[in-house]
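Next come two complexes built around subunit A: one with subunit B, the other with subunit C.
Showing the complex of A and B:
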């Protein structure tokens, strides 16, 4: 009960933030009825999906201060579990997604236990290594479709159990529900015991340990929470794209994108990952569709994209949320 | 990525470490697939050569968290 009250309690934010949050929620609810096309809807779905990923990354990378660049392996585990169970045994999405999350959490404990002996750069590279090893295994594993990937069977009629719909609107509402669940969870998490312990570990690990916090165990717990978030998003990605292959769901690009969005938005703050995703996903998509197809301008969209990221991170290393706080304090 | 892994394997800040880790990574990458081909094991084949490197990095770093020739701060 206490936890629920904490999760829905936004009173410690400023008035402006509360008003923006309410307006944003209303905007999300009515968004599918505003008459935008399929492209804008897809961009919006990806924005919500990546802010979910970013919120997951924020638990370990933001509050815990451990730069973690291997989140794509959990996207892959979630996506592959949903896809394979659907292809092999026709298990509905609503059963296979929790199984995928359980597998991801179990795997994260297995990986996290040895991994959290490491610190700093060693840890970051080790997470990249585990994710690339998993990708290599899936690329060469004939049973799960190898490099070709697997296609999900398409049903004749729209089916709620298998999450196949005619319109993007349904997918939008589903990912919106997940997004709000993640938002309320994060609101509880930052006020929970583990949240405070993680922030202490981020500031000074030795001081935290001398106060009786088991730093390694805290980090493992936060890591598995992050993996659960990401695996949910991965399961959604599988039913949304109806197609899973190691290059799209397990690539290093995806891990770096997840970490980059949370860091650019402002790691360790509640709104950071959401702002980061809101900034980068539309920028990426609209620049790609506007400049990517024009003759003689191929690659310019990536240059602008990278330049924007560099400008923001050079101006304020704490990201966009850091810039906002800087102006607010003046 | 391989270069980054080799520096970390040898230990950040250690030139000797980077050198020996680089040699070790080269050996793993080239010799293991040949060895696997000779004894007929598929999972040591050339398409897994990077996996072997990352696996070696993982094991070394778990056993020595500061890298081969690194030092504790």
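Showing the complex of A and C:
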């Protein structure tokens, strides 16, 4: 009960934040009826999806301060589980997604246990490596479609069990529900015992250990929570794209994007990942389609993207949210 | 020369021989199934608990430099013990070996009769040993209250209770006014107090303070001494403190242990220690000590 109360209790945020949150929620609810085209809808879906990824990353990367660059492997696990179970045994999405999350959590314990012996950059590098190894494995594994990937069988009719719809609106509402679930979870998490302990570990790991905190175990727990978030998103990605291949769901690019968005927005804060995704996803999509389509300008979108990240991180290492807080304190 | 110090500590050295033997027999009773229940009418605890914290023959070597060289001592429950020594004497290393940041090369640490040698810091904390740090990392990550709440979360699961507990401790230490500040916004004296508060919040039975008065001005030092006395008096916590500032260590310590070059050179009442020739030599150096 207390956990639920904590999750829905936004009172410790300022009035402005609360109002923005309410307005934003209303906007999300009515968004499909605002008459935007499918491109904007897709951008919006990706924004919510990456917010969810970012919130997951934020548990270990933001609150725990462990720079983690291997989240794509869990996106992959979530997506592949949903896709494969559907292709092999026609298992509906609502069963296969929790299974995917369970596998991701189990795998994250296996990976996390040895990896959290490492600290700082070494940990970051090791997470990249495990992610790359898994990707290579899936690229060469014939049973799961190898590099070609797998296509999900398309149902004749829109099917809620298999999460196949004609309109993006349904996908939008589904990811919105996941987004809010993630938001409420994070609201609980930041006030939980684990949340406090992780922040202490980020600040000063030695001191944290002297206060009876098993730093390694806490990190492993946070890592598996992050993995669960990301695996949910991965499952959604599979049914949304109806196609899974190692390059789209397990790429290093994806891992870095997830971490970057949260860091740009402000790692270790409630709104950071959402702000980061709100900046980068539209930028990524619009610039990509606008500049990428023009002759001779291919790659310029990446330059703008990179420049923005550099400027923000040079100005305020705590990201956009850090800048906002800095102004608020004045 | 120095025989005075030797003579005084020699009875304690007997522990080095007898305690491992006792410890071994205790282990034997534990492994021997038939004696586990009754143990022949002997209350094990009564027989074997000799002291609250026992350090037996502790050796810690850092690549040829003996930071702690066969250090042994006991602490009884309810005492305030000072640990002094010149720079590089191995005081902090000794702390780290007891708490578990370093694994001693040999020797034993027993807390309430239970061996805690080589346990990780968080485990020794859960056994009931709290510590503070000489140099605190000050970051803008958490407020003072949150810092102390993390300490309270060691024994308490629920946030409201942890919060209440933390507030009480902050009030006890006179920090309630700075509760919502971040650590890096506070003067060093308050930072040290926060370090003390969060260690206290884990409800330790033995609190180890690493240079709690370093970097403080005389007035703040005086306050800190009062605070330490208050903690000892009201919370009934055994205190073990490393201290450079003699104004702190001499008036409050019931016993003082002196380390030099990793070895324990003296142990005794503060007023005896200040007259001890080896201690004076260690502090002033050979040249100046001769002139005395």
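One rule holds for everything that comes next: the second predicted complex is superposed on the first by the 330 of 330 C-alpha atoms of A that agree within 3 Å, B and C clash if a C-alpha of one lies under 4 Å from a C-alpha of the other, contacts with A are read in each partner's own complex, and residues count from 1 in each chain.
The definition used in the following text is that a contact is a pair of C-beta atoms (placed from the backbone, for glycine too) under 8 Å apart; a residue touches a chain by one contact, two chains touch by 3 or more.
All figures in this text were calculated on a predicted structure; none of them were measured in a lab.
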item	value
Partner chain(s) touched by A:137 [first = subunit B, second = subunit C, both, neither]	first
Which superposed partner A:114 touches (first subunit B, second subunit C, both, neither)	first
Which of subunit B and subunit C A:102 touches, first, second, both or neither	neither
Contacts of A:206 with subunit B and subunit C, given as first, second, both or neither	second
Touched partner set for A:129, first subunit B, second subunit C, both or neither	first
Subunit A: partner with more touched residues, subunit B or subunit C	C
Partner chain in contact with A:4 - subunit B first, subunit C second, else both or neither	neither
Touching residues (chain side subunit A, partner subunit C) in the complex	2, 6, 191-193, 196-197, 199-200, 202-204, 206-215, 268
In the complex, subunit C residues that touch subunit A	99, 101, 120-122, 125-126, 130-133, 136-137, 139, 141-142, 146-147, 149-151, 153-155, 157-160, 162, 195, 198-199, 201-202
Contact footprint of subunit B on subunit A as seen in their complex	114, 117-119, 121-122, 125-126, 128-130, 132-133, 136-137, 139-140, 252
In the complex with subunit A, residue positions of subunit B that touch it	1, 4-5, 8, 12, 47-48, 50-51, 54-55, 57-58, 61-62, 65-67
